[in-house]
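One chain, chain A, appears in both complexes that follow, with chain B as partner in the first and chain C in the second.
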Partner chain A sequence: MIAELVLATLFGLLLLGIHRKVIARIQRRPGPPVWQEILHAAKFSFKTTWVPATASRALFIGIVLVAIGIWTAAFFVMMTGGSLLVIFGIYMLHKIVEHAFGLSSGSPYGKFGGVRSVISAASEIPLFVSVAAIALFTRSLTLSDIIAWQQVHGPLLIIAFPAAIAMYLVLLSKMPFGPFSIVEAKELVSGYKTEHFGVWRAGLEVCNGLKTTVLLATFLLLFVGQLPIWWMVIGMVIITVSLSFTCAITPMLSPFDSVTIQSLFTGLMLVYAGIVFLGVAA
Partner chain B sequence: MKRSAGKLLAVGGISCGTAFALHWAGWIPLWVFAAVVVLAFPPTVLALFLWWMAGEGKEDIPFIGY
Partner chain C sequence: MSSIGGVPFYILEFGDELVYFTPYTITLFLLALVFTVLVILSRPERQVDIAFGGDAYTTKQILKDEMRFRRFMSIACGLASMGAMVTGDIFNFTLFTAMVGITNVGIVAAVKSPHVQNAAYQYGLVALSATVPLFGAAAVYAASTGSLSMIELARGTLPAVPIIAKALLVIGVVGEGMAPFYAAKAEMFRAPGAPYVIMCSLSSLLIFLRVVEVVMLG
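Here is the complex of A and B:
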């Protein structure tokens, strides 16, 4: 499982590299090589590192450990077919982690990034209402049960397509350079991670790699079901490329618009969950 | 700094390796193995980076714009 953990991290970084490459090619730029994010993490790990004088030392370093730790836990939950609620709980924790990243540095850019993280959490997390529809169909929120249900009834991607759309929006919200990436907007330099450089940034890259793999694999398991490993890999690449297309052709929204659009989708999902509930009850 | 990072790296690596071996042998359940890795993996990663890092610098004020 430790080898899988390391491979998942590297694969997630590779997917983020593919994401950057696809966006660049759509925008008629050469773009970086697909392994750039892996090189990025390695490069940062070699850089001279210290803690800024204005930072809270314990929080500045500790939050990097927490960031890697929570997604390591999510990886184990996903691999063992555990509860979907735990994975979503970790997703919520990640928003708090982003907030703490920003606040720990003492930099105004980091603080604004952290505040935006909380703003975006207010609209991203309600999108998890899509799990209500999944629970109504499958009568379970355990990943292994949902996978077993799909083996009998077919993929939820077809049966609960609106729920898949809502979860896709959650994925889109976590991808860099996307319409909802308000926490990393250029007017904030690098947002919540502005002051985390060197080894600390390399640790954050490890977290991002792991997070990308866990979220994409969970999406596939949730809406397509258990696939052979190579089909999982191909599926994750296809989802990444589709997300990249969306990111490349969509401008970054203002924080207000980002929250409004996500909230509108949440409203639609509530209506959908209500319809499914009435259908199931009838 | 490098020396303490090296020690932390060794402790983290041994913890993960031991937990894996004990779980593989069936002596500890999966959740114990997972708990050890969740706690040990992050400091091991940072210790590895701090151990091979090129050098140490002085503290600086953050970039606060103009």
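Here is the complex of A and C:
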């Protein structure tokens, strides 16, 4: 499992590198090489590391370990076909991790990044509505059961298309340089991660790589089903490129607009889940 | 239960009360535990404020008495969250949720800032009001199914839980600590004392994650 964990982290970082490259090419810039995020993680591992004098020391360091720990757990659950609720619970707890990253340093930039992270929690609610829709169709929230259900009834991408759209929106909200990336907007320097340098930043990069792999792989498993490994890799690259196109051509929204649009999607998803519920009940 | 939060690893019975650990509840429990330990070990950060229109900046200090009180409240909040994560009883869940709401108010009400105290006061009113649907939900669960045990509800042998009971439970939880009543209170989340403020947002989120599982039972 350790080898798979390392490969998943490196692949996630590679996907983030592809994301940056695609955005740059659409905007007619050369952009960094696709392995730049892997180099970043390696580079930060050997940089000078310190804890700011104003920081809450234990929290500042501990939260990096928590970030890596929760996504390692999510990866393990995904690989063993465990409960979908655990993966999405961890996804939501990532908000708390961002909040703690931001507040622990004492920096005003980090603080506002963390506060934005909490107020944009609206982006997570469509996720749970899409989970509810999946549960209504498949009668289970265990990943292995959902995969087995799709082998009999066909992919949920077709059967529960609005739920797939909602989860795609959730993926978009977690991609850097996207319309909903208000937690690391440039007016906040790097937002919640501004003060985490050196080894702490390398840990954050590892967490981001793992998170990207877990979320994209979960999306494919949930809405397409079990695929051979190479098709999984190709599928994840295709989703990343499509997200990059959206990020490249969409300006970053203001915090108010970002939360409003996500709340509107939540409303639409609630209506969809209600229709599915009534259909199933009938 | 096995199709929602995974197959239970262990069920601990205290008479008719019980605690159970599924992969889902144990994940949430461990997170509450880790953050409670972080609260115990951490000292608050010194928030930096930049003076508008100049190069000057100031740092905020938290006094020892204030720190002790907020740390106590945060630990109590962590313990209540841990209880809510693993309990297998609907009434105990509502009780722990109400306790989380009270401790959340305590964590921020000790901050010596009128903006933060105003936010805490308003949140306190909402949290108090939310206890009515919260405990009302437990009463409807008991009246309609004859049991408050989540294990019994998960077996599917009891009468179906009315939608109104589930709706009241969700409304109660939302009122105790979720958006829009709470997360929108940015004044509370940007108060100094990171380890304690984090416990506010963490406990609210954990309770929300648990209620998602609870309403799917029965």
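Following the convention adopted for this analysis, the second predicted complex is superposed on the first by the 277 of 282 C-alpha atoms of A that agree within 3 Å, B and C clash if a C-alpha of one lies under 4 Å from a C-alpha of the other, contacts with A are read in each partner's own complex, and residues count from 1 in each chain.
FYI, contacts are C-beta pairs under 8 Å (C-beta built on N, C-alpha and C of every residue); 3 or more make two chains touch, one makes a residue touch a chain.
Here the structure is a predicted model, which means the values were calculated and not measured.
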For A:100, is the partner it touches chain B (first), chain C (second), both, or none of the two (neither)?
second
Chain B versus chain C as contact partner of A:199, first or second or both or neither:
first
With the two structures laid over each other on chain A, which partner does A:47 touch: chain B (first), chain C (second), both, or neither?
first
Examine A:83 and indicate which partner it touches, taking first as chain B and second as chain C; both and neither are also allowed.
second
Figure out whether A:152 sits in contact with chain B (first) or chain C (second), or with both, or with neither.
neither
I'd like to know which partner A:64 touches here: chain B for first, chain C for second, both or neither.
first
Mind working out whether A:108 is in touch with chain B, chain C, both or neither, as first, second, both or neither?
both
After superposition on the shared chain, which partner residues are touched by A:2: those of chain B (first), chain C (second), both, or neither?
first
Check whether A:72 is in contact with chain B, with chain C, with both or with neither, and answer first, second, both or neither.
first
Would you tell me the residues on chain A in contact with chain B in one complex that are also in contact with chain C in the other?
53-55, 66, 69, 73, 105-108
Chain A to chain C touching residues, read off their complex
53-60, 62-63, 66, 69-70, 73, 77, 82-83, 85-86, 89-90, 92-93, 95-96, 99-100, 103-108, 111-112, 114-115, 118-119, 121-122, 128, 135, 139-142, 145
Chain B partner contacts - residues on chain A that touch it in the complex:
1-2, 5, 45-55, 61, 64-69, 72-73, 76, 80, 105-110, 189, 194-195, 198-200, 202-203, 206
Chain A touches which residues of chain B in the complex?
16-17, 20, 30, 33-34, 37-39, 41-43, 45-46, 48-50, 52-65
Could you pull out which chain C residues touch chain A in their complex?
2-6, 22-24, 27-28, 31, 34-35, 38, 41-50, 59, 179, 183-184, 186, 189-190, 194-195, 197-198, 201-202, 205, 208-209, 212-213, 216
